[in-house]
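What follows is chain A paired twice: with chain B in the first complex and chain C in the second.
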Partner chain A sequence: MSEVVLSEQTRTKLAANADARVGHLRRLLAGDAAFYWACRIAAYSVLLLLGGIIVSLIVGAWPAIKTFGYHFLTTQRWAPSARPEPILGGLGPIYGTLVSSAIAMLIAVPVGLGIAIFLTELCPPRLRRPIGMAIELLAGIPSIIYGMWGFFVLGPFLADTFQPWVISAFAGIPVLRDVFAGPASNLSLFNASLILAIMVLPFITAIAKDVFATVPPVLKEAAYGLGCTTWEVVGNVVLPYTRVGVIGGGMLALGRALGETMAVTFIIGNSFPIKASIFAPATTISSAIASEFAESDGLHQSSLILLGLLLFVLTFCVLSVARLMLMRLETKAGK
Partner chain B sequence: MRSADAYKTETGNGLNYQSIGSGAGIKQIKAKTVTFGATDAPLTAEDLKKDGLVQWPMVMGGIVPVFNIEGVKSGELVLDGATLASIYLGTVKSWDDAAIAKLNPGLKLPAAAITVVRRSDGSGTTFNFTDYLAKVSPEWQSKAGVGTAVEWPVGVGAKGNDGVAGNVGQTKNSIGYVEYAYAKQNKLTYADLINGAGKRVSPTTPSFQAAAANADWANSPGYFQILTNQKGDASWPITAATFILMYADPGDKAAASEAVKFFAWSFEKGDKMAEALDYIPMPKPVVELIAKTWAADIKLK
Partner chain C sequence: MNDNPFYTVRKRKSTIWMTLCLAATVFGLAWLVMILATLLWNGVAGLKPSVFLQSTPPPGSQGGGLANAIVGSVMMTFIGVAIGAPIGLLAGTYMAEYGRYQKLTTIIRFINDILLSAPSIIIGLFVYTTVVVPMGGFSGLAGALALAVIVIPVVVRTTEDMLLLVPNPIREAASALGFPRSHVIRHISYRAARTGLVTGILLAVARVSGETAPLLFTALSNQFWSVDLTKTVANLPVTINNFINSADGNWKQLAWTGALLITSAVLGLSIAARSIGGKGSKS
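Entry: the complex of A and B
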């Protein structure tokens, strides 16, 4: 049996050490608590901001909601100077927003997935980095640059070459001849959709590329081993394995397309009446607000705020649906 | 506002001015955040009284139709009010329409669709342009009306004079309308117009001044005069004045008297400058009338 005898000196030293340690731990604890609260406040401020934005949008839109009610959603006329009262309906911009985004997705999703598949499955390693970087650079270009390019270069090019060709190609076919009706125009719904497609392409490609990279090589090798072609491997192994991520990327891109403002304002033509032809000018919610807000007042301004509220709701719905789809896919994949 | 810079170098007094649209200018002066505002769409005497404002015309300018047709130069094309309204209503769709051909015998115009360009933002230029169209076309009056932003039946919207000019320059077979100063400085191709007296006129300083000469400023409370479609053989039909708005009883008297001094200086010395900037100075009798208004209506002490 051994006994440890501590001298008086050592004992005081140890006690002092213990006190110092307790103090230090307390300080750490206090620091941790402060960190916890700082983070918590930061997180709550997001909710507060979001709530504040919704409330101020509703307050701003209230006069328009009270005056037009649900007719706002079904009225195509936009007559801020009508006498005695302005007649304002949001159908034109809502239609323009939905259709331009839909066409943009129709173009961007196949192309974006194609790029991602090429980069991950088919591309010679030497080319992978330059093409990947080019796609990432596309995402970094400010939207006003896309707008200017669309206005000065793409618009005239489409109006002089592509549009007349499509118009004459579909001239004799019912329905399609109305969808692709002339005259060709520098500023049109289709041009805006095409610019939107280019703008959201990097989002789709970047996410698809990342999720394609998560497919276990052993699965692909097994499929190749069974004699599958690349087409079959992509269709039966890669895409089913990654569809959650691919859809998520698509929804993210759709969210951006719905709200894009400057580039679209430049090239869509800012025209409220709904036309059957996609080569006719149109307008979107965000471009209508960007064009008219500074000069608006009264009911006109309130209606623009109501349009903003609708865009908010629309984007929220798209993101919710995306979440819901992803959740269902995840549970299905889990079974 | 080059005149404000010149004023500063000459007198040492600076002015802070912001270029915002007419509607926003009116909004700010109603909210009392500024010393004075300027607008192309005058307020009525009732509105002025309601908000305690004084209004007078400062300079004049014209609004001109500009177009882009290959091979057709400035002044070669002529339009009348009714045809211009029909183009903007979408009933005249092509440059070889009979209505245009009748006005332009001998001028070869393409069988191409007209791209109509107009403002997408609210603007005093639009106010005066639509006011003119409404005066010459009952159909325009009932279908689109008059205002800083109206329900356009056709066309593409562009932001600002520069936006319209850019679009017209960029789009073949298009037509738009911009302030004369803008058209001249950017060398846009403009059209002549047939005025109310049935005479063909070009957009020039004398034709704008002719339009202002007939206006009865003395008997218009608040100087409410819209100079479109004025009588007279030489009058340019879409002439417009820019109006200044100030409080009858300004809160900051020192700033207000400084502003009035600036306007008086501008009337006195700014004539040359206005012409250099392609705006048209107000006629002398009107200036004297305005000086009386300042003395009578604005409480500077």
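Entry: the complex of A and C
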């Protein structure tokens, strides 16, 4: 064994190297911590965003809340330039929002489920992807395009053919006579609902397709083995098994329909008084904001923000329920 | 096979329901075809080079184009994504890499899913009260920020989903070599999930480039060539919105052409995102 003798020069070099290495490691760790905190702050910013939206809406709506209180929810009159004080009530837009979304769901849920059943049970495998993608493209078309199309193509078409037919068909029946009352019009609650239905269709189909895929093949095979027809398998096995997911998907679509703006603004007619007929013009919260906000000020603007706050609370509740239902399904599928 | 009337009735019932399902599919596809056909029919007529070269014309005049609106839209989309995507990427990284089993992550995921489907007009109101009012006027910057708020949840969602697909042994192997955590994420996880992350950003671009509602009272729009982000900036969706309802034939034609451009851009982007990502993102 021989002593290793290091020259003075080598020793300082080594020490310098060690220092450099410590420095390098320190920088690495600092970078590591910086990246961690950047991620963490970004994650918190998502929460902050939601908080910011709620707080800013409440602050903006405060003058209207203070002035009108609960009466805002029960007043139908919307007169921003009334003298001496403007009279503003949100009942019209709230009614329009709820009814147009409800009609849209009545149309979209059966059709969306039908498409999902077709894609999972009937469709030849080779066509499954292209058809599924085409339906998803419906979700990609910008809202304003639906609006233009509804205004120039669908509206006149419905007013000339479908509406007069329905109006005359129900003319003799007491209550329905008022619901489907004339005159036929290019701009109506029903047209807006139909467009909304088409817009949310892809969301229902996509989620239904996904939850249908969670049905264990063994269950379906067992039902087929007992001699069930395709419809009996769908009605007795697939739908009961996926009920929660289907309802969750429907709620998600409802959340979308409630807040849809541009398409509705084009075709609903923006008329605040509530009419019994679904063929009459109406308004929704989002279309009221879209058409009036840029030229509003003072109490009028504050009232529009209050409408926005109500819309946000409404969609928040609907979407929360939807997500909780879908989450429950995910944990079930995970087991 | 069996002539028992009971079986025939059941079979017939099934056939009827399945035909209805087929009809639903045809119904859904018919709308897509009709909308695209209308757009092509009305839009192609006005598709001339001048659309891309000249600014929006004053009312009642001939010619002109959409150059200022296209540039404004591209600029705001770019800035919106440039602000929103990094935040979304980092937040998604936190949820998938650092806080995968934390309660916080579950809460953020829940909130993010709600923001993902929140009405875009509410985002417009939010930006109006927090940016437009303090800045003292409508501006392109406010429009870009509104778009960024819409981008964030889309990117968060896809980033988290894609990072969760990266197999853990790869991370463990990298950590065993002595990589610090951030290096593992940036050099291993990101690389493994790269196509997925790009897909997410493309989907976000597709989502915001057709948005109209949040721009109505943030960026507003104008008639001129303007790239100053502190003032109103012309943009395609709001220009379409203003032109389509006018009685001016030239304006209307430009609106249809703009609608065709915007739809083909959005659909092209989403098809591109889906084909490189392989698997489409949900909702």
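Details
The working rule: the second predicted complex is superposed on the first by the 282 of 335 C-alpha atoms of A that agree within 3 Å, B and C clash if a C-alpha of one lies under 4 Å from a C-alpha of the other, contacts with A are read in each partner's own complex, and residues count from 1 in each chain.
Note that a contact is a pair of C-beta atoms (placed from the backbone, for glycine too) under 8 Å apart; a residue touches a chain by one contact, two chains touch by 3 or more.
Predicted model only: the values in this text are computed from it and were never measured.
Shared-chain residue A:V244: touches no atom of chain B or chain C. Applying the stated contact rule after C-alpha superposition, one finds that A:T315 touches chain C and leaves chain B untouched. For chain A, the partner touching the most residues, choosing from chain B and chain C, is C.
In the superposition on chain A, contact of A:V179 is made with neither chain B nor chain C. Residue contacts after overlaying the shared chain place A:L98 against neither chain B nor chain C.
Judged by the touch definition given at the top, the superposed model places A:A294 against both chain B and chain C.
The contact surfaces that chain B and chain C form on chain A in the two complexes overlap at residues 151-152, 294. Interface residues of chain C, counted against chain A in their complex, comprise 10-11, 13-14, 17-18, 20-25, 27-29, 31-32, 34-35, 38-39, 86-91, 93-95, 97-99, 104-105, 107-108, 110-115, 117-123, 125-126, 128-130, 149, 152-153, 156, 180-183, 185-186, 206, 209-213, 216-217, 220, 237, 240-241, 244, 255-256, 259, 262-263, 266-267, 270-271, 274, 280, 282-283. Per the touch definition, chain A reaches chain C in the complex via residues 28-29, 31-32, 34-36, 38-43, 45-47, 49-50, 52-53, 56-57, 59-60, 110-115, 117-119, 121-123, 131, 133-138, 140-146, 148-149, 151-153, 198, 201, 203, 205-207, 210, 229-232, 234-235, 252, 255-256, 258-262, 286, 289-290, 293-294, 305, 308, 311-312, 315-316, 319-320, 323, 327. Against chain B, the residues of chain A that register as touching in their complex are 77-83, 87, 151-152, 155-156, 159, 182-183, 185-187, 265, 269-273, 281, 283, 291-292, 294-297, 300.
Across the complex, chain A is touched by residues 20-24, 27, 112-113, 115, 120-123, 130, 145-159, 166-167, 170-171 of chain B.
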